[in-house]
Structure formats: structure tokens, C-alpha cells
Amino acid sequence: MDLVAGVIANGVLMGAVYALIAFGLTIIFGVMRVVNFAHGEMVVIGMYAGYFLWAAFDTHPLAAVLPAAALLFLIGYLLQFHLVQHFLARPAHVQFILFIALALVITGAHLVAFGPNPRGIFSLASFEVYRIGGLRLDAVRSQAAAAALLIVALLWAFLRASRLGRAIRAAADNRTGAAVVGIRIRHVYAVTAGIGMACAGAAGALVAPLFDTHPFLAPEFTLIAFITVILGGIGSLPGALLGGLLIGVAEAAAALVLSPSMKSVLSYGLLILVMLARPQGIIGSPEGQR
Amino acid sequence: MRRGAIAVAAFSGLLALGPLVLDGYLLSLLALAFAFAFFGAAWNLMMGFAGMLSIGHGLYIGIGGYTVAVLLVTFGVSPWAGLPLAGLLCAGLGAAIAWTGFRFAVRGVYFALLTLAAAELARILFEHWPFVGGTGGFFLPALPPGNVPLLTLRGGPEFFYFAFLLLLTAALVLTLAIRHSRMGYRLMAIREDEDAARASGVPVLRMRIAAAALSGGMTGIGGGLFALMNGSLFPNTMMGVAISIEIMIAPIVGGLGTVFGPAIGALFVMPVHELSEHLAQEAGVFGLNTLIYGLLVLLVVLFLPAGIGPSVARLLRGRR
Amino acid sequence: MIRITRRAALAGAAAALAAPATIRAQSAPVKVGVILPTSGVLAVPGQASRRGIDLGARMIAEAGGPRMEVIHADTASRPENGRVAAERLIREGCTVLVGAWDSGTTISAAQAAEPARIPLVVNIASAPQITEQGFSMVFRNFTPANVLIRNAVERIREFGQITGELPRTAVLLHVNDTFGTSIAQAVSALWTQLGIPIQIVETLSYAVTARDLSAEVARAKAANPELLMPVTRVNDAILIVREMVRQDFVPKAIIGPGSPGPYEKAFTDAVGRFGDEYMVCVPWHNPRNPRTAEVLQRFAREYPNERFELNVGFSFEAMEIVADAIRRAGSGDPAALHAALRTTDIQDHIMYGGPIRFDEKGQNNNIGGVMLQNQNQEPKVVGPAEVAEARAIYPLTPFRNRR
Amino acid sequence: MSAPVLEVERLVAGYGGAVAVDGASLSVGAGELLAVIGANGAGKTTLIRAIAGMVRPMSGRIRHRGEDITGWTSDRVCERGIAQVAEGRQVFPSLSVLENLRTGALLRRSRAREAANLERVMALFPRLAERRAQAAGTLSGGEQQMLAIARCLMAEPELILFDEPSLGLAPAMVEMVFGVVRRLHAEGMAMILVEQNVRDSLEICDRAIVLEGGAVVAEGSGAELLASDRVRAAYLGL
């Protein structure tokens, strides 16, 4: 019983981190209608940021979250403002290749700059566990999950309550309307891209103590973010959260009952099922499916 | 149409003379370029003409490859029979996916992810299927001395050069014929505006299934030949995400929805790959090749929005 | 068992290094083409192999060996590039090829080497099929998965004799990639055949791209084995150890049969003392050979941040095999090189095992396997006794006592 | 007469290569209501969009209170107090009525007085006050038009560009829209009113221009144009 509970609990914790990654992807899509196929690469940049901060200053892994998010915000802002902006009106496959090219550039740059060797954070903190009854919850994962949920909650509040958040939601809802009321669309878009990529970067810093950082991790993150987003409903923020938790638990459950190497079968199966049966995602609105 | 046919004839005729002046290295490099040009042309039929974005075309390469290889090694069936069978199987798969997508109204990005999910599912299943060697891979025997390529459909660089050139030429002719046929116009009508096309009486479902089946079937045949060229098959390299993405780059760089786009794209991309690899080796900076390649693709999408093909065509026309 | 006396070793070294004047007098160096995945997903072992090649070439040149010019080609970890790379190197005048680390690329390159009649010395690639497909140009100085496991099983048996007991139950936890699968298949095929008294109570496989192995380790722990046998790459070995610490999973021993990973620097850097006492059975350099010590010192000087592991070692040795063949062939002619490679008989070499000889399929069957144990974050040979440099620690020190 | 609020001089604008506004000139004085009439495709909407900064003019000049604002982006134009009630209303369907209104107050010029303005527009449109928490997408067309006007007022504009505000509305709602326009006019707001409802707009305007093929072909007071045979024949069907 402890086995099942422990595995599922870990699934939930990982799910929260997936949700943060997916949150970033979905907000970019929801506002600009572009799919960031280089999202996983952004996570990896965040991981490197986390690793190097630890290596240089021996900081607590959580301390890297803000700097990583800030770095990725900047990257996202500049990329959107100067590059992606020009592709908004282009067809989906051209945007796709743009992001694939970006992904190649980032992977190549990582390989050139940091080499292929995996970089692991060795800190005693990464071996801690919290015990709740018979349940052992890994401390790093719990902290990562808590931080991820906190970030998601803060962003949600930001989008609801702040002036800029309202502008972002307005721009997502009706682009012409946003221009009509004088919203600086290009800036708002760039901020949105910044936030989306900052989510990926923060998630990267959070997982850096869990997975060792190397240049080729990215596609896995991109895929998981996609599946998560589609499950929850593309463009839906609560959907990203739900999708993340669902994927986390589903993978954990699959690792228990199936051969663990088959566990992504369940994710893909779930993905196909949702696409066929409820294309707007589990809690997304049909609006999102444009 | 006539000018296009002349262009195809000139293109293929010129390349057919290649072995007179090229050595084994350039031949095998070009064979690889033709292979990717062919995959690109097949993919282009679906995306460029019917507007169905498939990011899981590795599925057909893999299924085609394994079909031919397993038939050959396990059952002793000649690739002469294996290749058409692979084509039929993949055409069926393509049709099934197109039908599923249509039936459940899976559009745009969703359709793309459906194709990706299908390819990934197939990859994982093959990785757990001992009959095809799982992740351990599936190997073809070495060619015996005195091998007759036309019999075994396996051989040296020259054989694969001609084999893929032939496939590519066939694909170009087919693309050209379709482009100027009623089917071509219907497909492009669907691409431009599906609802309008349906309103004006285009049988959207039939057209989409036809395009997907044709594209899948062609890719399957190419995948079979690709496996014969590689000599070994692994689910990850034959149908992973990497190859699915790789085959899209050439047609988009070359010019989507044009007859020659995929070929021009592949003939541009391959040397870039090779030169950047050289450069990386010379500089001793590993990974530089990925960086250069990514930057070049980026530059092309930035500055040649329609792809290299149309820009070259405009340049040629401008000269006249 | 193979025994190498000190005298034989010295004689061999002298023979290998003292090239006859006739060769040195020749003007053109022999071009050696090296095909490796130095970029792409296999870049880690690809670049490690490259270090072995480069070091080998330099040391051979300095010792007055036959003149060689090494030309590198990168496959970007894509098998179809193996053929193109081989064709290119052949065009550039290479008369012998070395490569290509992974099995798919090796086959692809062999297909170009075969009709061109250019020998291909395989540094690393473990699929048993490589030497079973009928290629006449392939010479593999690496153990296929089945031999790897045969050696590993031998080491585990010996280990029982040293410690006085063997664990009774085991869980096999393996990565589901080409290598991991071949190893797992070989384990299940050989285990009963060789009469190992350890019962494998569960076999678990996970995807090579796994991001999280908590569930897998939890399942392994639930089976409560005395022995954990992980077959991993480096990343997942790290993940497994971290999870074992967190879940406080302490079997009596961790032994990875034929598994890469734990001896790599990335591993010991990432898990530190928690990675100590982790054992693997792999082909390895012979620490008792004085030449090995020399090579290791030189490597440490030239690559202070890297570790000399088996990718480096076998790539280094591939260069020695090539140099030896050139010396005996007396020319760079591929046919002569091929004939020389067929009759290769190198007594003294840095990797542990018997003399390097290739059978009619091009396989070297004399490669040994050692048992390595991480001690103080360095892999140490703990078996067999004739080459051991440290005593094995058994049973495993609980992780909670290491904080 | 004081300096005009807005002057447009020989404006040329369009989309892609197509020219929709071809050399139009106009001016709006303080507190003046200028009606723009013309057939479909005459360039009315493009004219509005060019002034609002949503289409970049190809040539010509736009001046606001003497300052050249040609080619400015929409946010800067809005910031100067030129607000738009756009064609198709352009509300934010998934945002609540209240949130929609608050998007009108994102500009620096009116940000500080958001609460007061909110009270004012709620008083002006009690219907919106009732539905403040409802998503804008669920409102009726007339209510959405109220929302669009109210949102525009949140910016404290000094010139409002109305683009077909009565299009597709029920007669009672058309009545309401004209009532609001009249009221704003009475309060001294400068406005440009583009309408297919030619008679009503000519009746309430101070001055009107007729646009044909993107150029101004007639100009005069509302009464003058109502009396013109050409206008009567072309736009009033008489």
C-alpha cells in the first residue's frame, strides 16, 4: 500500500512541475496563438541557470528559481518582440519551423558552451525526505511542486488582478479590441512570451536538482508540455494544472502496473482519446481550439 | 504543366549523369539528399497541397522500413515485393489517420499532434516487440560478393543514388500531375479554406484521405529503401520524433506547396549539414554544426518566407 | 584464465612501439578515418572516444610508431550518416577506418567499407549482430552483449567466493535502449545456463528518456531483493542512486552487469559518496599493467577534467591495433592492412584480457571483464584477483550512515 | 475659430497593395460632430482605422491639436485622447463586463480616475451595472454596443471615432445609440461618426463629408447635405 501511495504522491508532485511548464506553453498559445516548439529548450536553459548558480555559489536549489525565471523572461521578451512578432501572421508550419530552428540553435549553443556531459547538483538537501506516516515524500520534489503551484497561483492572481494581467487577457480574447482600447499589443505580447518562458525557466531551475542537466533533455519536456496542454485544453490555465497532475499520476500509475518503459504509452493513449472525444480538452472551452 | 515537365526532365536527366563525375562519397551524400527530398515531397503532398500538418511522418518511414526488412530477413521475401507491400500498408495507415482526424474533427495543431502521437505509440510498441528486435535493433545481413543490386535492391552508393533519384523523379512527376489535375485544385481549395471548399462541393473527406494515403504510401516505400540503405533499423532512429522533424525541414526551406521545393530544400540542407560538420571538426568545437544548421534554417524562414525555391525561380525569371 | 607476466608485458610494449625503420622512412602517412558521434545525443561517449583516439595517435607518434594521419568524421548520432562519413573518409584516402560507437552507425559504415575493401576497426558497439552479418572487413575489439554478460556472471560468481556468500534474490532494472535490451536479453539467456544461484525476482525496464525513476525504484524496493542489478546509462544511474537514498533502499549489493554509467565522472560528481560501493562488471583497463599507468598519467595531464574510462580505453586500443597492423603490413595498402589485422596478435595492451586476436568473423574473444567498485568516488578494480587494486566492500553501507 | 482637434490631409491608406482611402482630407473642431457617409467600400472604416493608428497611412498627414501623429501606433493615439468605438464592437467576450470596462482605463491619461469614471458610465448605462459580473460574450448585441461605448468613455477621450455603431442592432437599440451620441455631443465631445444610417446621422451632425472611392466628394452641414440631390439619390434612396 505504501508503494502505491508513495508512487502516486510522487506522481502528483511531478505533475505540479509539469503543470508549470505547461502553463508557460499554454499562456503563449492562448494569447499569441503560436505554439512554442522550443519550450523544452527554455526549460533546459533554466536548468543550466540553476546548475551554474549552485556550482558558483552553492545556493539552495530554490534560490535559482527567480534568477532563472528572470533570465528566461528576458529571453522570451526579446525573442517575441524582435523575432516571433513577425511570424504571428504566418502559417502554423512556418512558425513550427521557426521554433524548430530556435531549438536547434539553443541545443547547439548548449553543446558548444557546456559540452555534452550531464551536470548534476550534488547537495545533501537533494537526498532529504519528508515522512508523513508511512509515506516518504522526497524533499526536492515536494519543494519543487510547492514552488510550482505557488508560481502558478501568483501568475493566476497577476492575470486576474493586475492592470498588465488584464491587458494580457484582453489581448488574448480579442486582438482588435485590445488595439481599440490602446493596449500596447507588441509589448503585451512580449511580456506574455516572457512570462511563458519564465515559467519554463523556473520549472527548469526547480528540476535541476532532480534531473541532471544536459543539452538533449529538451524534446522530452516539450512533448510532456504538449500532452499536458492538450489534455487540459489548449489556452486554458486551470486546464494546464489539471493536465499536469493527470499526466503525473497517470505516468506513476503506469510505471506501477505496466512495464515502466511503456509508461508514455498511457500518456499518448490518453492524448489521442482526449483529442478524439473532447478536442477542447478536459476543461477547455471550444473557443480555444482555433 | 509543360514547362514543369521539362524542368523535371532536365533536373533528373542532369542528375542521372552524376555518377560519371561523382565519387562514392558525393554519391552517397546525394543519395541521402534525394531520400530526404523524396520524404519531403511525400510530406509536401499532405501539408503543402492539402494543408494537413503531419509531424509524425516517421511512422511511415519506420513501418515501411520494418516491413521491408522483416519480410526480407525473417521471411526471405524480396524487397521487390516488400517495397510495394510497405507502400500499401503505409497508405492504409495514412488513410486511417486522416479518416480518424476527419471523423473526430481534429484540426490544425491538433491534427499535427495526432500524427505525432500515432508515430510515438508505434515507436514505443516496436521498442517492446521482440519479433522486430525491440530497441536492440533489427539487422540486415552483409551483401555477399557478386551481389546484383537490381535483384536484391541493395548495393553501393551508385545503386542508392539511382534508386532514390528514380523515386524522387517519380514523386516530382506525380506532384506535377496532381498539381495540375482536378485533385490538385480540390486539395488546394481545402488548404485555403476547408469550409468554402466543402460548400462548393469538394469531397473533403475523400480528398484528404487520398492525399494522406498517397503521402503515407510514398513515405513507406522510401522508408523501405532507407532501411535497405542503412542496413539496420532501430525504432528510435526510424520513427522517432527526430526523423519526423528532419524530413519537414527540407520542403519548408525549399518552398512549401511547390513541386520542386522539397528537392531544392534537401539539396540545400544536405551540404549545409556536411559543411557545418566539417567546420565543427576543423574548429574542434563539437555542436557547432547543430548551431550553424539551426541558424541557417532560421535565416531562411526569416528572409525567404516562401522558401528558397520560389526565390530562385523569381531570380531566374528576373534574368530573362 | 589469462595471465600476463610483467616480462611479457614489457616485451610486448617494446615490440608494439619500436617500429621498423622501413616504415618510418616512408613519406606519406597512413590515413586513418575515425567515425564517431561527437555531436547529438551520443556526444558524451562519442567525445570520450575521441579523446582516446587522439591520445592514442599522439602517444604512438611520440613513441616512433608508424606515421598516421587521423581524419575525424562526426555522425551527429544519426546512423544513416555512418555510410556517408565512411565514404567521405575513404575518398580522402583513408585506408583503414575506426568507429563508430553505436551499432546502427557501425553497420551503416560497414556497408560502405565492405565493397571498398577498407577494414573497419570497431572501437565500441555491442550488438552481437555486428559480427554475425557476414561482413569481412569488420574487426571488433569490444565485447558483444552476450560475452559482456558471460564475463559479468563470472565476476559475480568469484565475488561470492571472496565474500563467502552471494545475495539470494535480485531485481534487474534496465534501460530500454539498444544496449540495455541486449544486456537484459543476455542476462536472461545466460543466467540459468551458467547456473547462477541468484534468483531474479523481477525485471523492470524503463525508457532511455526517463525523467523520473521514483516509481521504478519503488517497485524494485518492494520486491525486496538482496541484489540490485541496474543496467543503465549515466543519467539514469544517477537518478536511481538518488531515489535509492531517498527511499532508503539498501540491498546487500548493487552490481550492474555490463552497465556503463557509474564509472563516469558525471556520476561520481552528481551523487558523491552515495555512489560509493556501487559495482559494475565491464571491460576495463588493466590497472596492473605498467603501460596502463603511463597512459593514465598522460591522460590525466592532458584532460585534467575527464576520466579515463572504457570508451577512452577501447578507442585508445583501437589506435594501437591500427598502428600494429600498419607496422606489420609495412604499408597503408588496405588489402595488406586487412591481412595484417586478420593476424593481429597483441600480447601487451592496456585493456584487461588476453591477447588481441580476431576470429574469422572479426571478433576479439579475449576481452576480459572486471568488477569495478566505486570507492571514494573513483572506480576501482576489485576483481578478478589478478588485476584487483582494491578490496570489495560488502555488504552495502546504508546510505543514512553516509551523510 | 479655435484650432481644430483633428486635421487629416490628403490621407492615403489601405491594406497590402490596395488603396482604400485615396487622398481624403477633413478636420474636426472642438466639440464638433462630423458625420462620414459613403457606400460600402468607400473607405470609411479604413479612414477611421488610419486615424486610430491601426492602419499605417501610405502618405498624407494626420494632426492632433497641431501635432503630427501620422503613423503612430494605436496605443499612442489612444493616449492622446482619441478613442474608438470600433466596427463590430470588439468587446472582450470572455472577460466580465466590469473587466471590459477596466480595460478602457489602462491608459495613463485616465488611469488615476478609474473609479470615478466607472461610476459615471455605470450611471449612464444602468444595464451594464446590472450585468457587471457577466461575461461580455453573453450580452446581446445592443448591450455589447453599450459596453463598447462605455469602455471608450473610460479613457476620458476628447475625440471619439464611431464606426458603424448601430450596425446590426434592433431599432430600439439604434435609438439608444443615437441618444448616447446626441448626449455626448451636447456635453461637448468631439466625434467622427461613420454610419450607414445616413438620415439620422445627418440630422444630428454639425458637419458631414461624403466619401467615394476613398476621396471626399462633398462636404457641408448636415442640413445642406440632406438637401443635396446627389446625397438624396445615392444614400437616402429618394
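Order of writing sets the chain letters: A, B, C and D. Residues in each chain are counted from 1.
Just so it is clear, a contact is a pair of C-beta atoms (placed from the backbone, for glycine too) under 8 Å apart; a residue touches a chain by one contact, two chains touch by 3 or more.
The shown structure was predicted, so the numbers you read here are calculated from the model rather than taken from an experiment.
Colleague: I need the common contact partners of subunit A and subunit C, sorted by label.
Modeller: In this structure, the chains that contact subunit C and also subunit A are B.
Colleague: Starting from the Cα centroid of subunit A, hunt down the chain whose centroid lies farthest away.
Modeller: D
Colleague: Using the touch rule from the top, work out which pair, B-C or A-D, shares more C-beta pairs.
Modeller: Per the contact counts, B-C leads.
Colleague: How many angstrom lie between the CA centroids of subunit C and subunit D, rounded to a whole number?
Modeller: Chain centres of subunit C and subunit D, defined by C-alpha means, are spaced 77 Å apart.
Colleague: For subunit B and subunit C, what's the span in angstrom between their mean Cα positions?
Modeller: Comparing mean C-alpha positions, subunit C is 36 Å from subunit B.
Colleague: Quick one: report the Å distance separating subunit B from subunit D, using the average Cα coordinate of each chain.
Modeller: Here subunit B and subunit D have centroids separated by 53 Å.
Colleague: Using mean CA coordinates as chain centres, what's the gap between subunit A and subunit D in Å?
Modeller: 42
Colleague: Which subunit B residues reach two or more other chains?
Modeller: 124, 127-128, 242, 286-287, 289-290
Colleague: Could you say which residues in subunit A touch two or more other chains, in rising order?
Modeller: 111, 115-116, 215, 259, 261, 264
Colleague: How do the chains pair up in terms of touching? List each pair.
Modeller: The list of touching pairs comes to A-B, A-C, A-D, B-C.
Colleague: Report the residues of subunit B in contact with subunit A in the complex, numbered from low to high.
Modeller: On the subunit B side, the touching residues are 47, 53, 55, 100, 104-110, 112-114, 117-118, 120-121, 124-125, 127-128, 241-242, 245, 248-249, 252-253, 256, 285-295, 297-298, 301-302, 305.
Colleague: Okay, in this complex, where on subunit A does subunit D touch?
Modeller: Residues 163, 166-167, 169-170, 173-174, 176-186, 285, 287 of subunit A touch subunit D in their complex.
Colleague: Under the stated contact criterion, what part of subunit D meets subunit A in this complex?
Modeller: 52-54, 73-75, 77-79, 83-84, 86, 88, 90-95, 99-100, 102-104, 106-107, 111, 151-152, 155
Colleague: Which residues of subunit C touch subunit A in their complex?
Modeller: For subunit C paired with subunit A, touching residues are 39-41, 43-44, 46-47, 176, 204-207, 209-216, 218-219, 221-222, 234-235, 238-239, 242, 245-248, 265-266, 269-272, 274, 399, 403.
Colleague: Flag every residue of subunit C that touches subunit B in the complex, lowest number first.
Modeller: For this pair, the touching residues of subunit C are 38-40, 43, 47, 72-74, 76, 78-81, 83-84, 87-88, 90-91, 103-104, 107-108, 110-112, 114-116, 127, 129-130, 132-136, 176-178, 180-182, 185, 207-208.
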